[in-house]
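Labels for the chains are A, B, C, D and E, by order of writing; each one numbers its residues from 1.
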Amino acid sequence: MTQIAEEQVVGGHKAATTRPRQTPKAVLGLIGVLVFLGAWELLPVLGIVNAKYLPPASEVLAALALDLGLTAFWVAVGDTMTAWAIGLAIAVVLALVLGLLIGMSPFLRRFTNSTIEFLRPIPSVALIPLAVLLFGMKIESSLLLIIYACFWQVLIQVLYGVADVDNVAMQTARSYGFSHWQRVRDVVFPTMLPYLMTGIRLAASVALILAITAELLIGSPGLGNEITLAQSGGAIAGMYALILATGFLGVLINVVTRVVEKRVLSWHPSVRGEATP
Amino acid sequence: MQSENPTSHAGGRTLPDGEALLSVRNLKKVYRTDAGDIEAVRNLTFDLGRGELVCLVGPSGSGKTTLLKCIAGLLASTEGEVRLDGQVITGPPKKMAVVFQEYGRSLFPWLRVAENVELPLKNAGVPKNERKVLVEQALEAVGLAHVPKSYPWQLSGGMQQRVAIARAVAYQPEVLLMDEPFAAVDAQTRADLEDLIRSVWKKLGVTVLFVTHDIDESIYLGERVIILSSSPTVVQEDIVIDLPAERDQLETRSLPRFTELRHHVYAEIQKAKQGHRPEEAITMVAK
Amino acid sequence: GTNAGAGAAEPGAATVKVGYFPLVHTATAVHASEAGVFSKNGINVELVQTQGGATAIPTLVSGNIDVTYTNYTSVLLAKHKGIPLTIISGNDVGVEDHGIFVKKDSGIESIADLKGKKFAVNNLQNIGTIAITSLLEEAGLQRGDVEIIEMPYPDMQAALDSGNTDAIWQVEPFQASAKTNGFTKIGNLFDGPVADMPVAGWITTEKFAKENPEAIKAFKASIGESAKELQDNRDELVKLVPTFTKVTAEVVKQIEMPKFTSDIDNDQLAKAAELMHKYGIIDKPLDVGTLLPNE
Amino acid sequence: MKTLKSIGYLLGLPLILLAWWWIATSGAANFFVPTPAQLAETFVETWMGERLVTDVLPSVIRLVVGVLAAIVLGIGLGLAVGLNRTMRALTEPVFEFFRALPPPVLVPVLMLLVGINDGMKIAVIISGCIWPVLLNTIEGVRSIDPVQNETSRSYGISGFNRIRYQVLPSATPTIMAGVRQCLSIGLILMVISEMFASSSGLGFTIVQFQRSFAVPEMWSGIVVLGLIGVALSFIFQWCERRVLRWYHGLKEVENAV
Amino acid sequence: MQSENPTSHAGGRTLPDGEALLSVRNLKKVYRTDAGDIEAVRNLTFDLGRGELVCLVGPSGSGKTTLLKCIAGLLASTEGEVRLDGQVITGPPKKMAVVFQEYGRSLFPWLRVAENVELPLKNAGVPKNERKVLVEQALEAVGLAHVPKSYPWQLSGGMQQRVAIARAVAYQPEVLLMDEPFAAVDAQTRADLEDLIRSVWKKLGVTVLFVTHDIDESIYLGERVIILSSSPTVVQEDIVIDLPAERDQLETRSLPRFTELRHHVYAEIQKAKQGHRPEEAITMVAK
């Protein structure tokens, strides 16, 4: 720990003097992924697990490469991503609006507290029978589960973000006669934005998880369903290839959210700290 | 030569009903904290006429910022009241601008300099091209016309403070409250900004309440100077500054009357610091 | 999903949505659809791929499908809780296709050796629990002598290998891979007291059964025909199964053939209900007659 | 008077929702949605006995262990990663990869690696609820006020002292948001971890109820989850109020006016 | 009577090798931003001898804070170097204290006043009872002995600034860098704090670099005053303040030499603001 902190202390200098030679972020990320795949490859080789049940990374990657050539695979990815995108979008908008409303009113904050805390830990998985009953195997079932799970993540982040508004900034807005809506738009929203971005990043992967879980347990088409098929067909490498694909989707989603974050939070210490020497 | 003693009131000057734009009456503010109550202001009473430029001085921690926030409708008073145009203030009134002591935190870090200055105008519904002119003029006036596209955190302390001033000036308020607005700028810039405030005040007829620690500045700027006592805070003295209306950095400051006033205020503050309290205030405290 | 050819079905007849989970055992329905058996019998069938387990019956009740494939224990349980369901056709009966496996050199050679061990089934509220308990009783053990645990079929071999369980129940096609992976089969799950136990079949809601008696009859007839055609026809299965599951042809060549039948054996069903009551899965006796369409 | 008000806040909305549910279910009965009366009755029958000790308690213990481990790990890793740009770039894709894996497919892998025991269940809980803590810690550390960092550096406050006296307190408001998320996710994962290879526990029981169409019992189990969630959350909020006293003081001075 | 022209160097004064505690050589700092590069400091060269008390003045935005941060090892220079005791500075050196211009943000809001002052001492391993004494003395010296248990955000601006000063003084540093440390306090307190810094400097032999906007203050406090030009920034002038070592608020300020120096510095800053640049600097710029 000490070492890490130490490095940070002189970090500014390092960054400045070694700037041209600094390893690009993407390369470092790739190294991380390779280390992970290497460790996975070694697990069966070292006999920690049996290769029959957890095939080495190379075998799984080969199976994935095979999948990549199949239209069925891409159709499944498309199905999953559709549910993901719609569910996430609805959850974020809903949570954002409600979060701002609740967060800015001490009354609503207290009034809804117990209910929110009661509803939050209800597993989406437990709602499957209800979802199926309401919507059958249609996409709406997946959406219900996705929205339910993601909504709380974003909501909590928004509530904490709203509470973080700087007094002086808020007083400035009030003294210049900003209306309620203007204060939300010009002061509360930007302050909350970093929290929201974390919420979206959390929710994005939860949405992916739920999209796949729903397909897994309800049987609507998509990657999750392909996983069940591979499982019940005893195609182990094929199953892990699909899981790997899921993981890569997660990485991809993160790259996108990072790019967005870099744009919308360029002013924030968390992002600007990275850019200045 | 004028009389040695400046026209002054121990306790704040009050105006007849209807003449005051802003009246502060028996204002008391106690902050409640976990560790106990902190009395920031004990009892303040004074009036500001329409279009007056009044400076407020007082020891550090005497409650100037607190008073300003109460006037701005940002803090609820514990006792007493503040009236604007006869109306008790319960929230920030319209057409009022405040320059906060914590200038750094009062700028929005997510907006660029010009956007920060523009935002209140935008929210007030000023048309776009008019806004553009106002923003440019204000930035020009505070000497920041060259950095409209920078973010506040890319500016030096003094520059940030000037952005906050530009924002207030561009807003063209009717009441302008400024809390040590020139604390972070150099002497020369300070002089320029003093003249800027005087000219804005003259041009727009705005009512200004100006907190400062610089006694020369308070005299050079103000038509009146209110001196707060040290805690528990009351008005120590309220002095009329009988200097000519046209002021000039070199000329005005070298007037004998300027020096006289300066000495007077200095002595009063020193008394305040040493715990001397005006009689009225003491009786008020006693009862 | 695979769509049925409309063939000889009466034009205008409503389409019956049939939910199935892609398994070797549901080849009956797929074959009936592909080979035009359904249309020959005069119904339009749309096959809808569903998940087994928790969602089959809610999906049926919600009206999103008309008929579904499910195991009888779930049906009996649901009925017991008052969900109005009707069994309209059998599908498969437990024979050699359900095996009990242990690790080689584990020293377990018979059911009696399971005393004090762990046995894995895919679902505790299911036929497997009933079957193994009966087998244990037959071998002179008590229910409590063996810890029955639950895990999905695909994970069982790994758990067996790592010693997390001592014996497992594998259905085809997992049985085939259990054999290739070198596990030892110590017997069939449906044997002795539970030999020829009906495992799963096709059900619908009472309402649908009442309103569509013709369709139901035709459906049962089609499954019956299809079952006959598939029963001793491994080549057809080898051809068919890889088209709708991820089971490879090589594996299908090695599997123990299931016993397909559309018949519903009332007595066996009643026995299953009785055992469920006996083993506490349901808390009062159940008259299976109420589950059959003609009453 | 004050407690009365608190109780009002606590129960107000739940009572309104309950009344709404009552009215909604009073007409057409749906097999899968019980009435409040049914539910209340089943709840008492099902949970007020032996099950509390045999099923609920072990689950809650696993949950608490898992959540605490996730918080400690999440904050520790988050500090390491948040304070170091290279570490961040190196680990982010791998973290994101794992984050996207659905627990139902992760469980079999964990079963392989850890075996079937309480350790596996705790690992499942950790594997899911570490993320909000980790992400929030990283963000919290990254967004520390640069002036604070400079202050620490100029006074030679570095290493462990810097983490303890500056980095952690400053990131605490953000970390708390993560911890709060972590509680409910932990509860969800507790259920999922008991869905596989289990023979007791709250999640296991709920799944068994679901499978045997014991619908009111299943919902009563969900109510138990909710109640545990509320309890945990209140404990958490109590701690938070203490840890973040300075922060709430700082923020509430005038925001409340 | 001394010579009319104070002893001064255009460009900073340098000392022979080994004599300087702190040497700044050809320091250049360019901030890289998305919108382009901002040159904060062009070329600075000067030396500080051990135990000197030097004031730094210059127009707002001329790079004083930037220079201080480079010296403190908080910012990497773009070109040139800063040496402390002959060692090139790459990170914050030991036994150095900085009072930041953004005093409000440099106090930790989760620590109480006394804890804030105590933290650097605790971190440095000073024993508990010794710490206690140092903290109490420092708070006493800045007039805040009555609020050790308050949180910083419960204090007025000037009080917060004094906490930051107390923290630096209690730390007993060898090098003390102060960035407009008295900007938010009233005139009387300011005078007291000036005397505090002089007495600390004398007692501990600490080397002080003191940024201020108040020209009188720079002359009253400093043994030397360095004037920065306006941007692009170079050293405009480096003046030795040849006032008696014992200084007194009333006496020293009324010395004719004080007034002379004051006028000189004022004129220089005015020149700086108007864009006048010392010759050396111009040639440097040209090449």
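What we mean here is this: a residue touches a chain if its C-beta (ideal position, glycine included) is under 8 Å from a C-beta of that chain, and two chains touch if they have at least 3 such contacts.
In this text, all values refer to a predicted model and were calculated from it rather than measured experimentally.
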item: Shared chain contacts [subunit A and subunit E, defined touch]; value: B, D
item: Chain at maximum distance from subunit B, centres defined as averaged CA atoms; value: C
item: Subunit B on subunit E, rotation in degrees - Cα superposition, rounded to nearest 5; value: 180
item: Distance from subunit C to subunit A - Cα centre to Cα centre, in angstrom; value: 38
item: Interchain centroid distance [CA atoms averaged], subunit B/subunit D, Å; value: 49
item: Euclidean distance of C-alpha centroids - subunit B vs subunit C, Å; value: 85
item: Subunit E, residues touching no fewer than two other chains; value: 31, 33, 74, 91-92, 102, 105, 154
item: Sequence positions of subunit A contacting 2 or more other chains; value: 9, 15, 50, 53, 129, 133, 167, 171, 216-217, 239, 268
item: Residues of subunit C whose C-beta touches two or more other chains; value: 53-54, 58, 61, 152, 154, 158, 162
item: List of subunit A residues in touch with subunit B within their complex; value: 166-169, 171-172, 174-179, 182, 186-187, 190, 193, 267-268, 272
item: Sites on subunit D touched by subunit C in the complex; value: 31-32, 108, 111-112, 115-117, 196-199, 207-208, 210-215
item: Subunit D-facing residues of subunit A, complex; value: 1-2, 4-9, 11, 15, 23, 25, 28-33, 35-36, 48-50, 53-54, 106, 110-115, 117-126, 129-130, 133, 152-153, 156-157, 160, 163-165, 167, 170-171, 194-195, 198, 201-202, 205, 208-210, 212-213, 216-217, 224, 227, 239, 243, 246-251, 253-254, 268-270, 273-274
item: Subunit C residues within the subunit A interface of the complex; value: 21-23, 48-51, 53-55, 58-59, 61-65, 152-154, 157-158, 161-162, 173-174, 176-177, 181, 245-248, 251
item: Complex interface listing, subunit A residues touching subunit C; value: 50, 52-53, 128-129, 132-138, 216-219, 221, 225, 228-236, 238-239
